[in-house]
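What follows is a short report on a single structure.
Labels A, B, C, D and E are assigned to the chains in the order they are written; within every chain, residues are numbered from 1.
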Amino acid sequence: MSNDTKTQASAPTSAVDPRLLQRESGLQGYLNEFKRKIRGGDLGSLPVVVGLLVIWAVFSFNDSKYFAATTGTFVAYYMVGVGLLSLGLVFVLLLGEIDLSVGAVSGLAAAFFAVLSVNHGMNPWLAVVLTLVGGALIGALQGWIFAKIGVPAFVVTLAGFLGWQGVMLWLLGSTGTINLPDSGLNHFLSGNSFFLGGDISGGYILALLAVASMAVSSLLEQRRRRSAGVPFRPTSEIVLRSALLAVGAFGAAFVLNQDRGVPNDLVLFLALLIIADFVLRRTSYGRKIFAVGGNIEASRRAGISVSAIRISVYAISGAFAALGGLAIASTTSAAGQAGADPNNLMMAIAAAVIGGTSLFGGRGRVWSALLGMLVISSIQAGLYMLGLNLDIQYMIMGVVLLAAVVVDSLSRRTQKSSGRA
Amino acid sequence: MSNDTKTQASAPTSAVDPRLLQRESGLQGYLNEFKRKIRGGDLGSLPVVVGLLVIWAVFSFNDSKYFAATTGTFVAYYMVGVGLLSLGLVFVLLLGEIDLSVGAVSGLAAAFFAVLSVNHGMNPWLAVVLTLVGGALIGALQGWIFAKIGVPAFVVTLAGFLGWQGVMLWLLGSTGTINLPDSGLNHFLSGNSFFLGGDISGGYILALLAVASMAVSSLLEQRRRRSAGVPFRPTSEIVLRSALLAVGAFGAAFVLNQDRGVPNDLVLFLALLIIADFVLRRTSYGRKIFAVGGNIEASRRAGISVSAIRISVYAISGAFAALGGLAIASTTSAAGQAGADPNNLMMAIAAAVIGGTSLFGGRGRVWSALLGMLVISSIQAGLYMLGLNLDIQYMIMGVVLLAAVVVDSLSRRTQKSSGRA
Amino acid sequence: SSSSSSTSAAGGSQTIGLLLPENTTTRYEQFDKPLFEAKVKALAPSATIQYANAGGSAQTQAQQVQTMINAGVKVLVVDAQDAAQIKSSVQAAHDKGIKVVAYDRLAQGPVDAYVSFDNEKVGELQGQGLLNAMGPAATPSAKVVEIDGDSADPNAADFKKGFTTAVQGKVNIAYDASGLWKPDVAAQKATAAFNQLGAKNVAGVYSANDGMAAGIVTSMKNAGVTAPIGGQDAQLDAVQRIVAGTQAYTVYKAYKPEAEAAAQLAVDLLNGQSISSVATVTKTSLSGNSVPSDLLTPVLLTKTNIKDTVVADGLYQVSQICTADFAAACKAAGLQ
Amino acid sequence: MTSAPVLALRGVSKRFGAVQALTDVELEVHAGEVVALVGDNGAGKSTLVKTIAGVHPIDEGAIEWEGREVHINRPQDAQHLGVATVYQDLALCDNLDVVNNLFLGRELRRRGVLDEVAMEQKSRELLDTLSIRIPSVRIPIASLSGGQRQVVAIARSLIGEPKVVILDEPTAALGVEQTAQVLDLVERLRERGLGVILISHNMADVRAVADTVAVLRLGKNNGTFPVQETTQETIIAAITGATENAVTRRAARTAEAAK
Amino acid sequence: MTSAPVLALRGVSKRFGAVQALTDVELEVHAGEVVALVGDNGAGKSTLVKTIAGVHPIDEGAIEWEGREVHINRPQDAQHLGVATVYQDLALCDNLDVVNNLFLGRELRRRGVLDEVAMEQKSRELLDTLSIRIPSVRIPIASLSGGQRQVVAIARSLIGEPKVVILDEPTAALGVEQTAQVLDLVERLRERGLGVILISHNMADVRAVADTVAVLRLGKNNGTFPVQETTQETIIAAITGATENAVTRRAARTAEAAK
């Protein structure tokens, strides 16, 4: 939960503990605290971001073409499909469970959509809705078997991994691969469709929106907190954070504008990330997910219906898997038998874990799906450009994946040895 | 731990609790307790065994040829390779961790062995030893990165999943698939090599050995316990258990003898299972594995070196993966690029879980690898005989897997609602 | 090597992209890639080659095509993992003015040239090889076990179709299942088939490729099935089995002419020259595009023509085939 | 106390596998009454509490609420009736911070969105009344000391409007000052007309605040005593099942040594 | 007590992230001495214990063992010196049974193989001396009551040959009889010449068995008192940091009500 990063500044109540190190006000205090955090290994996602920068640097060094706007578009565009699977998985991982079926469900969803809209000529948007509902129902069914019958989630979703793949093959059976028309959602998600038609203002508008809404909401919260007499973020910190976000957002917009603009599927992904983040951190439903992931028995005793949470979370995962499947299909404009690629499952889990979501439940953020996919896609972009043999490619992929997490792990180890598990 | 199934009979100490339901002596008491356990849902592996019988019945009903000794040989022979991966995984699962690299390591091991013994003409037994040591070293390396650097095991072994696959491709690169000669370990593990040359006495000797050693060791333990004044198993129970084992063992021997005898690779698998079971249940090393799987912090405080346990367990998993790889290669007499099949990984994990080993650590037995593989192989034998389309096959596989675990889960649910988690 | 080539090319003006589909079969990285590279080097020393292998994933291949488009290649030589799914990638390349050569599998979309073996013909040869090997045992009631390739691979359907055409009515296909191109799966399915049919009743076995045949041969030995079996690809291990007599035939698709024809087409397209001298026929793809094509003829490889084919073409040295384990068999077959 | 008790257990039994944890237990709690539930370790006190709270449904017997028989199968059932429980094992979510644990399942909302500010403010007030110092209400429960966690669990039970509060060894880990505060709290609850079940091994505390003492021994009732009229020795004898026990022996020995 | 203390802490400090849990703490324990460590909730008592036991290495300061400075970085280090610890949070493996938990890390072996019979026998004896009833020593710890678990944790510390025993609130969950047994046990340990650190919030227990009382307040030393010569009020004042506190207020109020 990001709340625990909120620092204590000039709290006027009596309960404050004299042993708590007060941060000096102003930017200086912020820097001091940052130094202390580095020493204590309490760095949030900084290590992974550093890992990402290192990956970019190494690949740019090896291949001058890597450092180009087209690579940016490549990463931004191709990470979305698997990123959506990963986003759904974050919900499941927060419960401390796993969903092995997301790859199969994504393949099935693409096939289902193709059969409905191409073979049966259904309105493509209606087909999209039916597909997403279908994904959610599949997830809910799996969640129900897990929550109510008590079959371990691993087994349920492993059965799903096989079963839904079978259903997909059966659906595609008579026709094999089905090419999707360049219209509707498939067009919207395709690599040729950019925000505001790729107009140069598009990226900057998005960046401005993000920075402004972050700054405004932080300031509003600061005001409420101040008037309620509870600790609040100092203005200097809000400015610093907004500035950092601005650098990232405008930087990304600039790079993407160098090529053709911000891909629409990235815009969709970001929008969904923001919504999911809001649900997880600002609603009591999200709070319950964290609680169940932290301690099932305590949640049950607190009156939370654990089964309802589980079923709904698997439904969410199923719906995201279905959407991810449509996004993946749109990258090849076709739904094929290889749609249920188990590699997608692996990459989706890896992304969430690399981004910092724990496999053991109760700890994580939706942004880990974004961060992890940035890492994975950046590696892939580089490896594809180098045109290596597959054996070397696999080896590099393995080593780089590991390296991307090692910094994070080392800092966590420091954290642990200073007593903060 | 199977110890907690030991029942309290006529204990002469004072500390015994009057609320503990005493079992009446004799067979009647055993039956009464059994009924009570069924009601309480405390059934051990019985549900999965029932599931297995149901699978056999259903397939036999659908295909008269299924109920034949050749099916027995099929199951007994083909389950060993993945079963060995699963056996190694049980150790890892007992720690509450996962090893995604076993499939890749098994493929690499087969390739390594083939390159050494065929391409370099090394003595095949020396090559086997080197391969197993190599597998253990790979595992230990992964364990070290996990235990000492603190990278989550999922990420380390995912990196291994990719990286070792790369190494395997690179090793095979110059030659592609390598045929293994029908000699050495490859001959021993091949489908043509049976215990005592397939002599009819072979199976019965094994069965007799198993039953006799179980009965004798149980009686010896009973005597020691009786004289030490701690609760012991009544003789009637020992007789009953030995009788049950005898039915199973002699039954299996009879079926396999109808075909060509007990495959040598099954004998090896069973021997390793017995050794692994002994290590886990009768040595302090095994006890430490359970402890770390149950509560890492408590184990650490008890002076257990958690890192050493982790590294060694991954080494064990790596060695079993290497041996499993050799067994899988011997079923095709060749080491090829498809060796690192991710399906093998999935099936190995599924077998352990179906057999009753928890993914959350601290609960499980090595026999779950055997039981789970029996289930999976029995399904596969049936599906392959029916020669169905892949789509139907996947669906049935998913549904049957689920069904095999549902009975178990339902009984666990009863158990939970009666307060025993 | 190719990895350094992509950096050296100025603006990618002389770059050819080579995309191969997977790595579970030996041929791609072992033969196709080096043969193709050598020929291009000979024809156009200034051209560079960018290489990618999709590892069996159509989705990865799409990303690899995009990478090459970004890198500014002029010609793409694509062996499609999925001939239908590649369509939008082919279109994207075409839109950028990049010429596309379909290699081995006829990709959908606006392809400029196609070079391949006739896959149905491969299946037919396999059928013929099996019938020859069965000899008089090939009767309409003779039970044959058929293990096909992965149905996600469109070529698998072509092989099956050709095979069926060749053996229809001549033998009885008593068991038919997909081996997913995986040796261990094929081995288990074959064993199940033998259990189902009875080992003695099996008169012949069809394996769609040599990789699976390795597993099936082992199953046959275990089950005591003595019927003939064959595959395709002329993998080294398969040639060894043919020498040893455990496999009856394989289909040899000479990679060298295929790779060299592709190289010729690619260089011609790169230089803006006519390709009509190489691509002499026209094939219509499933997307309706007529593609100038060069279709090569596969060869049925048995013990008798090893020397004249794979050895003569320099694919394998005799010493590679005749390792210690196969020395005796080689002598008997007159290879050594 | 002639009115129907708020909560009554009639012949409740509960079994775990081979252990008969409760046998035919009877218990009555009236509004405005503090019932102390005492007993040896493993007597079944916590099990009894959990059956009332809906954690473990009962096997036999009946639970009556304000004179009507009710079925309590899930914690929600008990909460809807108006039972608030502080468990001996606390049952907090280690990964959540103090505020989130306090309001878990009963979050304050503002326009549908969590009202973190109000919850944080309320938390500080609550903890202040129990005079506990916690470094920050935004640190995860995992990093609190044993007593700090216990106070958080107690504070949890005060959110909402319960009719019966069950405290299972609430002061076990508390310091002297915090213990005094909790005893004050129990008295305030009684004054507000709530029924309180207090489990404790500390006879002094029990005698200080309880009206009635119910003794459990080996899962069975072993007497109910009005506190005013009963000596500590009687209660201890009922707990241990013998007038001659380790406590008396120790007392005798210490007395002798002091001579 | 002129000889060097078995264990001495010199200016020990420990910090968790932003919380300074211990600041310059001094503590001495001699052989045959029972030192009571008291303090408010969150004072840092358990943290201090964990630094000695090697669970959290210290940030600053020194630990001396029999006069020599030692470095305790892992639990093994403390165990090898001869420190046995009962943690407040017990630290047992829920999935293992009572016997396995008792002997964890110190299993008895016979010809290299676990000697389950001897361990089971020894477990029963140990638990009997602490007069606890446990349904069976072969049921997993998870199904024991709070007090039963605590006794298991205490019994664990008696296996082996420690020189210093640290008990962090050992009687918090214990019944009257078991508490008396543990106090007896502490006295037996003193007689055997061991150093004992006893943490407790129960002043009566502290006064009954301790020789010296060391008070921690907000992570700092707040006085060391010989038990004989110090009144309870003085100690409580040192703990709460004020002579006027909830305890005295409550006492005054109760006295008034009694009038």
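By our rule, contacts are C-beta pairs under 8 Å (C-beta built on N, C-alpha and C of every residue); 3 or more make two chains touch, one makes a residue touch a chain.
Treat the numbers as computed from the prediction; the structure is a model and nothing was measured.
Comparing the CA-atom centres of all chains against that of chain B, the greatest distance is found for D.
Relative to the C-alpha centre of chain E, the farthest chain centre belongs to C.
Rounded to a whole number, the gap between the C-alpha centres of chain D and chain E is 25 angstrom. Chain C and chain D have CA centres that are 75 Å apart. Inter-chain spacing, taken between the CA centroids of chain C and chain E, is 74 Å.
Averaging Cα coordinates per chain places chain B and chain D 46 Å apart. Shown for chain A are the residues that touch two or more other chains, namely 8, 17, 19-20, 169, 389-391, 393, 420.
Residues of chain D found to touch two or more other chains are 16-19, 42, 132-136, 139, 143, 218. For chain C, the set of residues touching two or more other chains reads 23, 29, 151.
Within the complex formed with chain C, the residues of chain B that make contact are 63, 65, 68, 70-71, 74, 77-78, 81, 118, 121, 169, 172-179, 181-182, 190-192, 328, 330-334, 336-338, 341, 344, 380-381, 384-385, 387-390.
The residues of chain B lying in touch with chain A in their complex are 100, 145, 149-152, 154-156, 158-170, 173, 342, 346, 349-350, 353-354, 358-359, 389-399, 401-402, 405-406, 409-410, 412-413, 416. Considering their complex, residues 1, 3-4, 6, 8, 13-17, 19-20, 221, 224-225, 228-231, 282-284, 287-288, 290-291, 293-295, 297-305, 361-363, 420-421 of chain B touch chain E. Listed in rising order, the residues of chain C touching chain A in the complex are 2-3, 5-7, 23, 29, 33, 49-53, 55-60, 62-64, 66-67, 70-71, 81-89, 92, 108, 151-152, 154, 157, 287.
Chain E meets chain D in the complex at residues 16-19, 39-43, 46-47, 88-89, 131-136, 139, 143-148, 150-151, 169, 172-181, 183-184, 201-204, 208, 218, 236, 239-240, 245-247, 249-250, 254.
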